[in-house]
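Lettered A, B, C and D in written order, each chain numbered from 1.
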Amino acid sequence: MDKFLRDHPSTPRTEAEKEKTINRLKRIEGQVRGIQKMVEEDRYCVDILVQISAIQSALKNVGFAVTERHINHCVSDAIKQGEGAETIEELMSVLKQFSK
Amino acid sequence: MDKFLRDHPSTPRTEAEKEKTINRLKRIEGQVRGIQKMVEEDRYCVDILVQISAIQSALKNVGFAVTERHINHCVSDAIKQGEGAETIEELMSVLKQFSK
Amino acid sequence: MDKFLRDHPSTPRTEAEKEKTINRLKRIEGQVRGIQKMVEEDRYCVDILVQISAIQSALKNVGFAVTERHINHCVSDAIKQGEGAETIEELMSVLKQFSK
Amino acid sequence: MDKFLRDHPSTPRTEAEKEKTINRLKRIEGQVRGIQKMVEEDRYCVDILVQISAIQSALKNVGFAVTERHINHCVSDAIKQGEGAETIEELMSVLKQFSK
């Protein structure tokens, strides 16, 4: 994925949408700091792994929300304009990257 | 995983080990903040997804490093003392959680 | 995912498409039988795990091919007819199930 | 993972263990054949994806069972004999491959 099709979504995110996503990312940022503290305090490995797993789950959910909006707007708009092929190829590429 | 077997690794992490892991987590924390900025700037969905995927990959690698150290110390020590069963069960449980 | 939107793809698969997918699944079927033989011969666990991992990778690729065709036909057709919402919701649901 | 440490588990699988694993693999083989039939009948993409996802889940569970036995026998035996390092490295390598 060397080149992206555009710089912005086909429909701009509303302020409410931005805020919701940013708040989820701030919680994730706090969780990552929490793990740093756990390492600092030499906490038990399995406790740390459970926390890492929780962050991965939270990140995945943010990824799904971004993907869903992407399909609902950018992909749908491209398809309606008869230009879906490249956008769908790009979508498949990012879905494959995600599943690694 | 309601109960953990202990509060600390069977062999304490050295300062060098702690620092290495914390530095990796700080980079991840910075990446999470970077995505917040991308959302703020209403950047293209696929760009954001690629970054989320990069963080997941980095987190997974931290998880593997913690798992490897856990097996090399806590699990190995328990096995040597003839008390591996519970620790291995706990390890399998966290591996399953990770693979979700 | 209790209820599916339809019984067939919006555009029927060609015989060539069917054959290609079925051939990939036949190879996977052969790989699964190969693992049965490995277990029968009491082969080393890690050899078996590597083969299971190869099958998972092959199955994932079949899943991606089915998903790509689904988006190119069923999802695109629904969007063009102004009825994308339900199909996209269904797509997200199956993508989430896949990532588990 | 170019080279495996041995040809067989350190403790041979019992006939009951073999049979249980082979039966699970036979069910998976049947599921793979079921998907071939679905493709032949040109069944809806999402129905097929749900079935592929079910097979992946079943395969993953076989993988976990093989991993658990591997840790309980081969890895534990190596650790008890003071030769855990190479076996643990091999285990980590296969866990990483699995998580892809």
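One rule holds for everything that comes next: a residue touches a chain if its C-beta (ideal position, glycine included) is under 8 Å from a C-beta of that chain, and two chains touch if they have at least 3 such contacts.
Each chain and its UniProt protein: A, B, C, D = DNA-binding transcriptional regulator, FrmR family.
This is a predicted model, so every value here is computed, not measured.
Visitor: Just tell me the minimum hop count from chain B to chain D, counting one hop per pair of touching chains.
Guide: Counted as steps through touching chains, the separation is 1.
Visitor: Both chain B and chain C are touched by which chains?
Guide: Joint contacts, listed by label: A, D.
Visitor: Let me have the rounded angstrom distance from the C-alpha centre of chain C over to the C-alpha centre of chain D, please.
Guide: Chain C and chain D have C-alpha centres separated by 19 Å.
Visitor: Give, as an integer number of Å, the spacing between the C-alpha centres of chain C and chain A.
Guide: One centre to the other, that is 23 Å.
Visitor: Take the average of all CA coordinates in chain A, do the same for chain D, and state the distance between these two points in whole angstrom.
Guide: 30
Visitor: Two or more other chains touching the same residue: where does that happen in chain B?
Guide: Only 60, 67, 91, 98, 100 qualify.
Visitor: Should the pattern of chain-chain touching be classed as line, ring, star, complete or other?
Guide: ring
Visitor: Judged by the touch rule stated earlier, which pairs of chains are there in contact?
Guide: A-B, A-C, B-D, C-D
Visitor: Quick one: which bits of chain A touch chain B in the complex? Just the residue numbers, please.
Guide: Listed in rising order, the residues of chain A that touch chain B are 1, 4-9, 12-13, 18, 21-22, 25-26, 28-29, 32-33, 35-36, 39-40, 42-50, 52-53, 55-57, 59-60, 62-63, 66-67, 69-70, 74, 90-91, 94, 97-98, 100.
Visitor: Residue numbers of chain A touching chain C in their complex, please.
Guide: 60, 64, 67-68, 71-72, 75-76, 79-80, 84-85, 88, 91-92, 95-96, 98-99
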